[in-house]
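Next come two complexes, and both contain chain A; in the first it sits with chain B, in the second with chain C.
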Partner chain A sequence: MNAPTMDVEVRKLGKVGVIDLSGEITSAAESRLMQAFAAASEENMPHVLMNFSKLNFINSSGIGLLVTLLIRARRQQVRLLACNLSDHYRQIFELTRLNEAISIFATEEEALAAVDMTLA
Partner chain B sequence: MVTGRSLDPQWKPSCDLEIPSQPGNELAAVRAITQSLQPYQINERKLEQMKTAIAEATMNAMEHGNHYQVADPVRLQLQVGSGQVIIRVMDHGDINSIPLPDFPDIDAKLAGKQSARGWGMFLIRHMVDEMREYAEGGYHITELIWYCDLV
Partner chain C sequence: MSSTSQPPHSGWAEPRERLEVDDLNPGALAINVAGMQPTGPLRGFGQLWQKTYEVKLGRISPALVIDTWKANFEQFWPRGNHFYGPLRGITPGSVAVLNLAQVGHAPPLIATGVWVIYADEDSFSFLTPQGHMFAGMITFSAFEAEGETVARIQALIRAGDPLYEVSLRLGLGHAAEDSFWQTTLKNLAAHFQQPAQATSTRLCLDPRVQWREARNLWHNAAIRTGLYYLLAPFRAAARVIGQQHG
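The block that comes next holds the complex of A and B.
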């Protein structure tokens, strides 16, 4: 058995809740991902940034989880952002058109700067 | 996707393995195949596409073909040569065992008109250069094909 593992850490940077994702995002990651989103968006945090710098793998179930997360975020009026996607996963975000619903940035700094401009 | 018999009568796999049909084991399949591909120095982009397609095809085989029966393993074969990488993912389902969902549409999913899931075949189709599906030797076979410069 090779159970996929995903680790998450949640940080708060001003008006942005940051979720650092590492490992593999598959169906096995559902409860951890949803808990991380709840923690990152608590206290009416308007922006949640997913940092994929330590991501190894996302499968189709993981893409489905991101869609579910996006539905939840829209319901809570939280803007979802993503950064540090590899070229491969950026391509998958484009193919699935997730990139039209989740703002994609090359780095965390760029994402945070974009949020600052929104708040200015 | 092409449905029909393999076009290669000289099939001689360089890697032939079986993995138990158990959730998560698709990563073992990915690791085994990519290890066998190491000597060929395939470019990173293509290799990442292969990893995604192998994982998705193996998950389909475990779930829809073998119904997650651990004792009914998924068989994977690799053949490299003549500018092609061919991977066969073999299960015991019938040729119609993998459901073809509606074309996944993010707008429909966000509106609740489609399930959030259902991206597997869509991803495979976009990751491969060619794909065939056929029955042979008691197996349902999904054949994934890439054309690439091989060292």
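The block that comes next holds the complex of A and C.
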């Protein structure tokens, strides 16, 4: 398997675990992505927000990883959100129906505001 | 909004609501594809499975493997199954018709299709339409691992409707699927004159069924293919009547 070319950073903002994705999401990113999700959702965090602002590339194996991540989130009763998707990535989400299962927001602020409304 | 993303047309198809079929081999039974909506692993009725099949191909370059696989896709399938791709080949956005389980010159038992949603030099992926046995995505890739090239088929699939789910639960569907793709990889390896030892792993990602998708039974390609043959005499009669009155 090729070396992973994706980097992740995990932040906690109140009840939201944020995963900042950068680089490329391909099959090589599996362990990093799953570890990032585990870190972002620990302590029963009810929401995990994936920030795509620094993503350079995603292939179909990468989309498969996001599907797997979504299923894992559902089983843990974690709501998965996404923000800062370019038009191109929005199209890919639409094509693969991920947009029907992951809440998409234009910015991180909008996503956090939506979560605040949910928790209110 | 981000501006640091891959450009459009970088291997991905454009989204479409329904599939269209064009420039196919005239021998194809092209039913159950045109007008159907694409599905995906989040749709479909049954449990969600991740199935991975792999074969080692020595030092053949991954790019050559994928190029060869795309160009000769049907050639590697088990006998009696046909993949009617468009003339432009396996390219993002193209739609292929599948005629499956054909014995000799008998008509196929199932006519369905796939939509190519992604293709680059390392991999290509299909999404299935409504009515297909599986709702999901299947990716064909080649990569280097431990000094060897590995060809991989990875399916992320649910049974499309309750009938197909019963087949999977009884083990028949899994056995047929596993045999199909293991044979494909063995044929691919034989093409490159490599010893064929295909491996497979099966992982249930979501054990729940999605009851809201039970209505997919309406599109079941196996049932519709059977009905297509049953109604053939009536279609022929309608044509004759139409000609007499035309």
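The rule is simple: the second predicted complex is superposed on the first by the 116 of 120 C-alpha atoms of A that agree within 3 Å, B and C clash if a C-alpha of one lies under 4 Å from a C-alpha of the other, contacts with A are read in each partner's own complex, and residues count from 1 in each chain.
FYI, contacts are C-beta pairs under 8 Å (C-beta built on N, C-alpha and C of every residue); 3 or more make two chains touch, one makes a residue touch a chain.
Keep in mind that this is a model prediction, so the values were computed, not measured.
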item: Combined model on chain A: chain C and chain B, fit or clash; value: clash
item: Touched partner set for A:Ala106, first chain B, second chain C, both or neither; value: second
item: Chain B versus chain C as contact partner of A:Ser61, first or second or both or neither; value: both
item: Winner by number of chain A residues touched, once chain B and chain C are compared; value: C
item: Touching partner for A:Leu85 - first (chain B), second (chain C), both, neither; value: second
item: Chain C region in steric overlap with chain B, selected from 7-15, 97-105 or 169-177; value: 7-15
item: Set of chain A residues, in rising order, touched by both chain B and chain C; value: 1-2, 27, 57, 59-61, 63-64, 67-68, 70-71, 74, 86-88, 92, 95-98, 100-101
item: Touch list for chain C against partner chain A, complex; value: 1-8, 10-15, 38-43, 48, 50, 117-118, 120, 122-125, 127, 137, 139, 141, 143-145, 154, 156, 205-206
item: Complex interface listing, chain B residues touching chain A; value: 20, 22-28, 30, 45, 48-49, 51-52, 55-56, 59, 104, 106, 109-110, 112, 115-120, 122-123, 126
item: Parts of chain A lying in touch with chain B, wherever the complex brings them together; value: 1-4, 24, 26-28, 57, 59-61, 63-65, 67-68, 70-71, 74, 86-88, 92, 95-98, 100-101
item: Residues of chain A touching chain C in the complex; value: 1-2, 27, 52-61, 63-64, 67-68, 70-72, 74-75, 84-89, 91-92, 94-98, 100-101, 106
